[in-house]
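Below you'll find a set of structures to go through.
The same chain A turns up in both complexes below, where it pairs with chain B and then with chain C.
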Partner chain A sequence: MDDIRYADRIVSADEVKIAARKAQVYYGTNHALRDVDVDILGKTVTAFIGPSGCGKSTFLRCLNRMNDTIPGCRVEGKITLDGQDIYDARVDPVQLRAKVGMVFQKPNPFPKSIYDNVAYGPRIHGLARSKAEIDEIVESALRRAALWNEAKDRLSSPGTGLSGGQQQRLCIARAIATSPEVLLMDEPCSALDPIATAQIEELIDELRAQFSVVIVTHSMQQAARVSQRTAFFHLGRLVEYGETGQIFTNPRDPRTESYISGRIG
Partner chain B sequence: MSLGTLVLAVLILSAAAFVAGRRFALSRAGGDPRRLHSLPGHYGQHAALLTAVPALALLVLWLGVQPLVIELRVATLLPATDDATTASLAMAEVRRISEGLDRLVVAEGLSDRDLAALTPEGLAPRLRAVGAAVADITPQTLDAARAHRALQASFGLWMSVLVLGASLGGVALALLRTAPDFRARNVSERFIMWILIAASLVAVATTVGIVLSLVFETMHFFRLYPAQDFFFSLTWNPQFRGGSDLGIWPLLWGTIYISIIALVVAVPIGLLTAIYLSEYAGPRTRGWAKPAIEILAGIPTIVYGLFALITVGPALRDWFAQPLGLGSSSSSVMTAGLVMGIMLIPFISSLSDDIINAVPQSLRDGSYGLGATQSETVKQVILPAALPGIVGAILLGASRAIGETMIVVLGAGAAAKLSMNPFEAMTTVTVKIVSQLTGDTEFASPETLVAFALGLTLFVITLVLNVLALYIVRKYREQYE
Partner chain C sequence: MMTEPHIFQAFDRDLEAVQALIMKMGGMVEAAILDAAQALETRDEELAEQVRRNDAAIDALEERIQAEAARLIALRSPTATDLRTVLTVIKIAAALERCGDYAKNLAKRSVVLGQLAQVGDSTGSIRRMANAVELLLKDALDSYIHRDAQLAADVRQRDREVDQMYNALFREFLTHMMEDPRNITACMHLHFIAKNIERMGDHATSIAEQVIYLVTGNLPEEPRPKADMTASSIGMPAQGAD
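Moving on, here comes the complex of A and B:
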């Protein structure tokens, strides 16, 4: 395990970006998530781990109100972004999602050119006044997503023509082009091979300089590699949340220990 | 043996063969199905198929060939003629007399000798009395009819014998082949594949047949009427005395004009309906709204035609055409176009709705996740992704509009005119096909044969539209998935 590069665990910023208090999620009558209290820090990578169906993706989707699009889903409790309740009636989910971007499990580029995929967010949010500005945003987003060198000569070809790993980096570029404050990633590497995974992990570590990143992952190694904070979910509850090194080497809760040592999950 | 009994006999034999094949296979395996290569049912199926299919195929083939052979033989008894029309009329007369003799035999209980003694004198009224529409009978036609009847009887007997023989042969062959290591499953699967291929060939062969018949009649027409006049003349003025102007343009223009109006009505409304139903409506609204819209598609077009004639036409005339000084006719291009557009709405909305629903949810999530609103998502992500399918739906709708007849007859009138005024009566290719062919004219004059040329033109246009639709759908689908 010595050759695996672990992320720097020292967190420079201590500001709380997103805070959840007693968050509950119901799908119809099914109580999917109970009493989740989490403080997600700014400029930090936070990993959510846990067995399938434990509620980690559900909680992730609460953070930018993507659950609003699921019929029958209800969220209770309090989730704040920079101190403001995101479930407040005055908050427009559209604006919230511009600030809290999301990358999905399966790469889902739009049926458009690579350029138009990245320019999509800046255009709908009116972030640029001229074509030149959009060009600039697209280039810098693709550079930050480590896709510029591969894509710069084929910006007008369809995004769906890229390989799986490139598509996922395109989706990340698309998400960071709107300059979000938080980037949510729902198992971003589960459909990728190890090389593409390594590229994305490196990318996540670089993105930490600008945003706070929340990543759901099934791979405990990945959580250990990329994150500074880790939350372990089990059966719809947050079991343990803390510094990644401590969770993996010295968990306080016996369930966490069982999971990371492979006895449950 | 009549045809029905024969088919029934073959089917009963086939059912018996199923049971026998199954039993026989089991007994060959000593009652242990595990020692058989296939399930016992497969052996039964194999026997049943082998019994029924070749026999029925033989039957169909025989029924197709028999009249040709009989008529070839009977024709030698008739006075020789060079004219194909006269010959076919004489042959039709022979068939009617032969049929009449059949009925006479039943009605009057004639023996074979009575039949041979019949003379043409006074026979015609007796045949008409039993319901055979014969005109006058000559000794030659009567002889020919007798021969026709006799041949039919003997051919019928041979057919029954051979079909039943084929059927029994099938049973025997199946049982002979049945053994524990005989691969009955593979054989019957292959058999079924061939039946399916034969079924699809029927549709293909019919298409080819329709096209060929259109092409031959059209060639016939162009021999009587110059093609350049048909394609380039701007007048449509058929005269049944001869000397007609048969230019296609007034009709084609009417067709195109009405179809464009119909699509201008149907495409936006249908598409917006589809977007509402698939993206905005909740499951409950969707549950009743979608069937309600699809009911529109079930209304016969003649009913739409009545709606155009009685409601839309007069309303347009009173509220638009007359106040604007554009015309005083209640049948107009606008009437037919509007009503046809309404007819096409469910067609376009239902197809587009399915296509929009097929756009993966992950694309919607991706767009919402970037902070796009619902209408931005629809406009920028869903519609572009669904576009090839939607274009296909629109072109299919256009094909229907072009082929529509009843709404035009009742809504737009029958006057062939080249005009830009949408409140004037015009007509389409389909309407003129109907009007050129109704009435008892034989298909020999350019005025009737023009219908086939019109039909072929229409066929080519819709074919091109359909091919275009398929091409667009294929091309863009590859790019987007």
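Moving on, here comes the complex of A and C:
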């Protein structure tokens, strides 16, 4: 099925940003993720859906090596970003995470000012040489996160003083301040009200012009609304991956159908 | 097809309820077709009047089905087969509503024809054609309720038979009109009736196509078999005869 939203911004299905081949994840002896093959496209929103424990968050965390920090966790297979193996010994995970940013379920601003929350990344990665440059990055990130108008007069007040939806947009601003190429979002709206959710979704749609966005969500409707590609995970496997319209109107695998239509499966 | 229940069972109840309405509507339309054709053949004005009155109930049922379908979309956000079920419900209800209108029109004309002289056995031919279409509609609805794409494909093929019956009647009416101009009024009415029954066959076919979409996720690709030649014929009986 053709997605008319593709007409807005031409997306090339050939432009593969992240590729996984036979990716496996073990937590100790538990084989949590099996044989995941997937091509995540550039400038596209990809949604990972599936029941709790299906491996979708585990896989998301493989994409910027967040699993490295979990004791006993082992990743096998090959995951590449722009063709480069991200599990290569020469890759610095900190540099990788600047390129592959992440936003979590619960807004987790640093206990610092709004300004410092956003400036933190660019500073530690040495992306700016002067105060003026940092100012510019902070403003631009806050603007892109649709928070500038609400935050510009209180940049020095603590980020934790913002509302939940604003805090989440602050976390997005913090993640995009390092100019990542991919933004990973792990249920970014599950703690937000519908208005804040709609604002984040609108933001995701705008970010698609610059980044690949990969979003894990338990809301099927959210996946349907924001993504162009959907991947369905079940029992540690990638069951089906395809164009979102096709997944939601005519899924090929009966397990996908059972899950998205709210049946026992 | 998904036969397992939804975790949230009210969803299943909603889907079943709207489909039960479709079957009820289908039953009423089938009865209207048969009754109207019988009223025509037996010149039963009372039965014709009853068909005309019942059409209001068919229309009301269609409105109710559309409203239920809209509600299902708004409240349950159906996906995949559930979504296709709701979409087909809407289209099938519209197709049935048209068939109901044609049956009502048949009943109206039967009252007029009751006051005119018989034209051969044309009302018998019309009744046979109506029976064939009713069977087509019944099978289309059966294929829907059993999610039987094979039967639906069969219905699509069989519409050709109805088209051929219509072609034969078309020639028959022309002949009668040429034989005796006094037949023209009756034959004009009879021709509209035959054409409307032929259109009911097209609606049965479109229901069958919806079933194929519902079951497979795709509408049938190959063009529908068509045997209605009258649109491209000049209609001289001598040339049209086979």
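FYI, the second predicted complex is superposed on the first by the 249 of 265 C-alpha atoms of A that agree within 3 Å, B and C clash if a C-alpha of one lies under 4 Å from a C-alpha of the other, contacts with A are read in each partner's own complex, and residues count from 1 in each chain.
By our rule, contacts are C-beta pairs under 8 Å (C-beta built on N, C-alpha and C of every residue); 3 or more make two chains touch, one makes a residue touch a chain.
Bear in mind that the values here come from a model prediction, so they are computed numbers and not experimental data.
Participant: For A:F248, decide between first (touching chain B), second (touching chain C), both and neither.
Facilitator: It touches chain C, and chain B stays clear.
Participant: For A:H234 in the superposed arrangement: first (chain B), second (chain C), both or neither?
Facilitator: In the superposition, A:H234 touches no partner, neither chain B nor chain C.
Participant: Which chain makes contact with more of the residues of chain A, chain B or else chain C?
Facilitator: After superposing on chain A, more of chain A is contacted by B.
Participant: In the overlay, answer first, second, both or neither for which of chain B and chain C A:Q221 touches.
Facilitator: second
Participant: May I ask you to decide whether A:R263 touches chain B, chain C, both, or neither, giving the answer as first, second, both or neither?
Facilitator: second
Participant: For A:T178 in the superposed arrangement: first (chain B), second (chain C), both or neither?
Facilitator: Touch partner of A:T178: chain B, not chain C.
Participant: State the interface residues of chain A toward chain C in the complex, per the touch definition above.
Facilitator: Residues 220-221, 224, 248-251, 254, 256-258, 260-265 of chain A touch chain C in their complex.
Participant: Any idea which chain C residues touch chain A in the complex?
Facilitator: 2, 4-8, 11, 77-84, 217-218
Participant: In the complex formed with chain A, which residues of chain B make contact?
Facilitator: Per the stated touch rule, the residues are 282-283, 360, 362-373, 376, 380-381, 384-385, 479-481.
Participant: What part of chain A is in contact with chain B in the complex they form?
Facilitator: Chain A reaches chain B through residues 64, 66, 69, 71, 94-99, 101-104, 106, 108-112, 120-121, 124-125, 158, 160, 171, 174-175, 178.
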